[in-house]
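What follows is chain A paired twice: with chain B in the first complex and chain C in the second.
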Partner chain A sequence: MPELGKLALAIALLLAIYSIVANIYGARRNAPDFVASARHAIWAMCAMVTIAVVTLWTALMRSDFSLEYVAAYSSTTLPTVYKITSLWGGQQGSLLFWTWLLSIFTSIAAFQNRRRNPEIAPYALAVMAAVAIFFLGMLNFVTRPFDLLATIPREGSDLNPLLQNYWMAIHPPSLYTGYVSSTVPFAFGAAALITGKLDDAWIRTTRRWAIFSWFFLTLGNMFGARWAYEVLGWGGYWAWDPVENAAFMPWLVMTAYLHSVMIQERKDMLKVWNLALIGLAFGLTLFGTFITRSGVISSVHSFTQSGLGPYFLTFLIVVTLSYTALLIFRSKDLRSPAEFESYLSREAAFLFNNLVLVGIAFAVFWGTIFPVLSEAVRGVKITVGPPFFNKVNAPLGLVLLFLTGVGPVIAWRRASAKNLRRSFLVPTGLGLVGGVILFVIGYRHYYAVVSFSLCIFVVATIVAEFYRGIRARQAMVGENPLTALTHLISKNRRRYGGYIIHIGIVMMFLAITGTSAFKEEKQITLKPGESFQMGGYTLRYDGVTSSETPHVAYLRASVAVLDGGRQIDTMLPEKRFYKKPEQPTTEVAIRSTLGADLYLVLGSYDEPTKMATIQAYVNPLISFLWWGGIVLALGTGVTIWPTRVRAPAPAYAPGAREVAE
Partner chain B sequence: MRVRARFFVGAGLIVLAIAYLIVSAIRTTSEYYLTVDEVIARQSQLGDQRLRIAGRVKPGTISWDSTTLTLRFDIVPIPDASVGPIKPVTAIDSRALRVICAGEPKPDMFAPDRDVIVEGTLDRAGLVTATQVLTSCPSKYKPKQAQ
Partner chain C sequence: MPRGRPQWRWLLAGAFVVAAALIGAAQVRSAVPASFQELEESLTCQCGCGLTVGSCNHLQCDSAMPLRAEIRGQMETGKDKDAILTYFSGKYGEKILSSPTASGFNILAWVTPFVLLGLGGVFLGVTMMRWTVRRRVAPEPTAPQPRAPSPYDKILEKDLKNFDG
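Up next is the complex of A and B:
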């Protein structure tokens, strides 16, 4: 069986090479047969990689420990679902999974463009195939998933217990989907540069891909945060670790890109900027893989460190240099006739939003690689931790939040006093009133007060937009408010989906503000029966019970939650001791309400005295982070759901008449 | 052209503001990140500064008091992996730092021969008073049978 996987990967590599040659030859000589043949080669490549994936999955399911990979990341006692997720539990498997996604997305792009974009599509597919060649080359020659062990062990060494968690089962695939699908808009951007077809066809063709990629990057980060929150047991969800930063940077740049392309579609401006952003987003996905795999930057949860670093670095440099060269080569064709007219315009708001997003990405990048830089320049490693990232990003985040309210509503070109008054007078008033009220009732955390008041401002601008839209429809078409609302959204999905996404973002800001400004933390050692106060509750420690399965031993503390003398809940934070590999893990107990989470960790237990150390956290508003994610997903769905009947021109397309205006 | 120039001024101001934020934050939040060898070499210059020290937990030196939550152990330099297969740290190695961390539960992944990052301050006698001990988690476990 392993031979089948090996063979499939070898054939896939050859097919990828062939598809590049046939695509470019076909496009240059105007020979559609070759382009069609290249397309078929891509589909065949996808089939081959699929065979390899199925082969590895089969081996995992059958616990075929003759395979080094299976022996290293699985075991006979591992639950089936984690046997499936073991595919991306280790390095070779995750690269194979990555390549699989890439071949699927390339195939879909080939199908979508079988009749469209005859000039740029062959080059775009060639670029994607080139990326596939890099990964297939790694799988064939450098880090092979089908390597065999000389002696077959009787039992595998199991998946890391920290990864045996459902959030961890879905976090890597989401992130990979986000990473890999950014290849499609990147490839079309590169194709536009190669062919000199520099109109916005490459943007329009890949608009859904870009949103798709951004959406999965968002999900991947959210799932990672949720995993960290539930599993790692330190009371937080984000620690600015290099690995997290590596996933966050492409998201920031992709967010900037999604906004700035609207300016190009509408005003034919920022062409170079958009091409640069998509190149940067793609480069950062490679950079992320490089720093997590190379060990150049030490991370607390570093992955398998291996010799992959130099390969990824080389590929990253080649991609960056050739793409930059293309951009410079085409720069004189990319000049835009249009110009900014006023600071008080949507173009300006979007431009500033872009600068801030890229600025945050740069700050994160700088903080992440600072140890490497300082060692190179001053000979000593200097690190910056979470305080650095929080200090820089808190003010920038607030500026961004403000622009979230301004950007979608302010007029194009130049906002008149009337437009400003109509769009912003009430929201600004509400935001200020909210801020003043918070101050008066005693809130003195200035960042938090500003943040909450900006949240009110943004929500008010969005609600006002919906309100005006509904009123306009009622007046024009005479619909009832609910019908008007559904029609408003369904006829301008891109615009109103965007507003819904913004609501989700505001909810996340609420959560981030609540947890960073008002988090409470307590560590206390107690005898059974003793209690302490936390977050308005009395928590009583009632002792520890232990139990055991062949796989794991448990220590479970029982903590009663009392509200004014009445017991309302029992929380059971655990320590688990996995037997293979021998390792204790923490299972936190979380009592979640909309206002705040109560979060308990069994820190330590002393058997002779029965004393336990409990770490308790109160995380205000954190549930808004997860709910915000759901709202955001909903908004994204509204935005990208395929349209059967072509809706009247999208809101940002040239010449579109906006219903609310 | 004047409008364009105004925009460059605006964008430039934003870029400068971001640069200022980065520089000032680095100045106030940076910490030395040193290996055990580097700490020993510069011991005299490092008094009272916050440090992050990367090292490996020396087996046989760990003491853990679960009533006072006091963890004591020695860290030794992490052997260079490129030299050969990773050897367990032997007692011959005299380059070690004593670490004491009080008031924090023992990290789950803490174990002999594990690589750790210790955050804390160094005193004149070479004792590291840690506020945090971070363990790096190996995502890969070598099968026991292979040894």
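Up next is the complex of A and C:
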């Protein structure tokens, strides 16, 4: 079986090389047969990589320890679900998974463009194949997933216990999907530069891909945050670790891109900027992979750290230089007659939104690499940790939140005094009143007060937009409010989906503000029967029970939650002791309500005295982070959903047809 | 700079960049801790968890627990916050501080993002101003030339007639 995987990867590499040659030859010589042949090669490459993936999965399921990878990241006692997820638990497997996703997305793009974009699609597919060649080259020559061991061990080393969590089953695939799918808009952007077809065809072709990539980057970050919250047991969800930063930066740049392309689509401006942004987003995905695998910057969760850093760095440099050279080469052709009327306009708001988003991305990048810079310049190791990122990004985040309220509502071209009054008078008033009320009732955390006020402002602007839209439909068509709302959204999915996404973002800001400003924590050692107060509850420690499976031993504390003397819940924080490798982990207990989470960690247990040390946290508003993610997903679904447009029925063509957008 | 362009714009731009740098510097000042909890957050745990002493997820951590005791010890000596952080930095090296110091080379960590953002803002403002000026001086579009009759014109005319009817 391993030979099948090796063979499949070797053939996939050859097919990727062939597809580049055939695509470019076919496009240059105007030979559709070659372009079609290249497309078939891409589909065959995808089939070959799929065979390699299935081969490795089969080996993992069978615990075939003759394979070095299976022996290193699996065991006979590992639950089946984690045997499946161990495909991306180690270096070679995660690269294979990455390549698989890339081959799937390239195949879909090839299918979508089999009759569209004949001028740029072959070059875009060639760029995607070139990226695939890099990864397939690594899998064939540098970090091979099907290498065999000289001596077959009786048992595997097992998957890192921190990765044996259900969020890890969905967090890496989501993030990888976001990372890899950004290749499609990047490749079409590069193809536009190569061919000189610099209108917005490449943007329109890849608009859904860009949203798709952004959506999965969002999900990946959210799932990662949830994993950190449940598994790492420190009461938080984001620690500004370099690997987290590596996933956050492309998200920020992609967010900026999704806003700025609207200006190009509408006003044919910002061509260079949009091409630069998509190049930057793709470059940052490679940078993230470089960070994860190089060990240049120390990280708590570089699970796939290895000596691949130089390869990724070289690839990153080659991609960056080539793309920049193309941008410079085409810079004259990219100039467009810019039309701008006023700073008080949606264009200006979107441009400042771009500035702040890219500014935050730079601040995160700067903080991430500064330790390396310090060591290189001064020879002194320093740490750039959460306090730095929080302090630098908090003011920028608030500006961004403000622009989230302004951007979608302010008029294009020039906002009149009437437009400003109509759109912002009531929301501004509500935000200010909210802030004053918070201050009066005793909130003295100024960032939090400003943040909550801005949240009120943004929600008010969006609700007002929905209200105005519904009223307009009621007046024009006479619909009831619910029908009017449904039609309002379905007639303009992009706009109203965007509003829903912004509501999700506001919910996340609420959670970030609540947990940053008002988090409570307490560490206490108790005997069975003893209690302590936390977050308005009485928590009574009732003792510890233990259990064991061949894979893991459990130590589970029982903590009764009492409200006004009445027991309302029992929380069971755990310590787990994995047997291969011998490693303790924390399994927290969370009692979640909309207002706050009660979060318990079992720290230690002393058998002779039966005393346990419990770490307790109250995380206000954190549930809004997860609900915000769901709302955001809903909004993205609305935005990305294909709109069926009823084509006008001209007199000379009887019978109207419905066509997809 | 072209003659006649008002100086105030550049003064405003300069002021904007300086303001951005000051915001960066303000972040440094507000980074100075004042309480035990803030001191915990200002020090990085040395166990390899990558978190601050206050956030370390190992409750019986060999690094965080002694460091917490050491913070309390230092606070009891009556030292101020800067002196306590200087003590830890001297004993364990600068890497124990969870944020770069506000001196020397490290000041770049704090100020650079805000300065670049300020410069970006100035660039954006000036660019938008140029676009606006260009639009103001752009000649009025000439009247459209009559185009050759299209086969669709008749169909359109017929449709419009039906519509009116």
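Simple rule for what comes next: the second predicted complex is superposed on the first by the 641 of 661 C-alpha atoms of A that agree within 3 Å, B and C clash if a C-alpha of one lies under 4 Å from a C-alpha of the other, contacts with A are read in each partner's own complex, and residues count from 1 in each chain.
Simple rule for what comes next: a contact is a pair of C-beta atoms (placed from the backbone, for glycine too) under 8 Å apart; a residue touches a chain by one contact, two chains touch by 3 or more.
Bear in mind that the values here come from a model prediction, so they are computed numbers and not experimental data.
K.L.:
Check chain A with both chain B and chain C modelled on it and let me know: fit or clash.
P.N.:
clash
K.L.:
Name the contact category of A:V426: first (chain B only), second (chain C only), both, or neither.
P.N.:
Neither: A:V426 stays clear of chain B and chain C.
K.L.:
Would you check which partner chain A:R378 touches, where first means chain B only, second means chain C only, and both and neither mean what they say?
P.N.:
Only chain C; A:R378 stays clear of chain B.
K.L.:
Thinking of the overlay built on chain A, is A:G236 touched by chain B (first), by chain C (second), by both, or by neither?
P.N.:
second
K.L.:
If you stack the two complexes on chain A, which partner ends up touching A:Y605: first (chain B), second (chain C), both, or neither?
P.N.:
Touch partner of A:Y605: chain B, not chain C.
K.L.:
For A:F370, select first, second, both or neither according to whether it touches chain B, chain C, the two together, or no partner.
P.N.:
both
K.L.:
Name the contact category of A:T151: first (chain B only), second (chain C only), both, or neither.
P.N.:
Only chain B; A:T151 stays clear of chain C.
K.L.:
Using the touch criterion from the header, give the chain among chain B and chain C with more contacted residues in chain A.
P.N.:
When the residues of chain A touched by each partner are counted, B comes out ahead.
K.L.:
Looking only at the overlay on chain A, choose which of 59-67, 77-85 or 131-139 in chain B hits chain C.
P.N.:
131-139
K.L.:
Counting contacts the way the document defines them, which residues of chain A are shared by the two interfaces, the one with chain B and the one with chain C?
P.N.:
Chain A residues touching both partners: 233, 298-300, 339-343, 348, 351-352, 355-356, 359, 362-363, 366-367, 370, 374, 380-385, 387-388, 391-392, 395-396, 523, 586, 601, 603-604, 613, 615.
K.L.:
Show which residues of chain C lie in contact with chain A when the two form their complex.
P.N.:
Touching chain A from chain C are residues 23-24, 27, 30-31, 41-42, 44, 48-52, 55-57, 59-60, 93-100, 105-106, 108-110, 112-114, 116-117, 120-121, 124-125, 128, 131-132, 134-135, 155, 158-159, 162.
K.L.:
Which of the residues in chain A come into contact with chain C in the complex?
P.N.:
Residue list for chain A touching chain C: 232-236, 239, 241, 298-300, 338-343, 348, 351-352, 355-356, 358-359, 362-363, 366-367, 370, 374, 377-378, 380-388, 391-392, 395-396, 523, 586, 601, 603-604, 613, 615, 650-652.
K.L.:
Chain A touches which residues of chain B in the complex?
P.N.:
Residues 3-4, 6-7, 10-11, 14-15, 18, 21-22, 24-26, 28-34, 38, 52, 54, 66-67, 69, 103-106, 108-109, 117, 134-146.
K.L.:
What part of chain A is in contact with chain B in the complex they form?
P.N.:
So the residues of chain A in touch with chain B come to 71-73, 89-91, 149, 151, 153-158, 160, 162-163, 233, 298-304, 339-343, 348, 351-352, 355-356, 359, 362-363, 366-367, 370-371, 374, 380-385, 387-388, 391-392, 395-396, 523, 525, 575, 581, 583-586, 601, 603-606, 609, 611, 613, 615.
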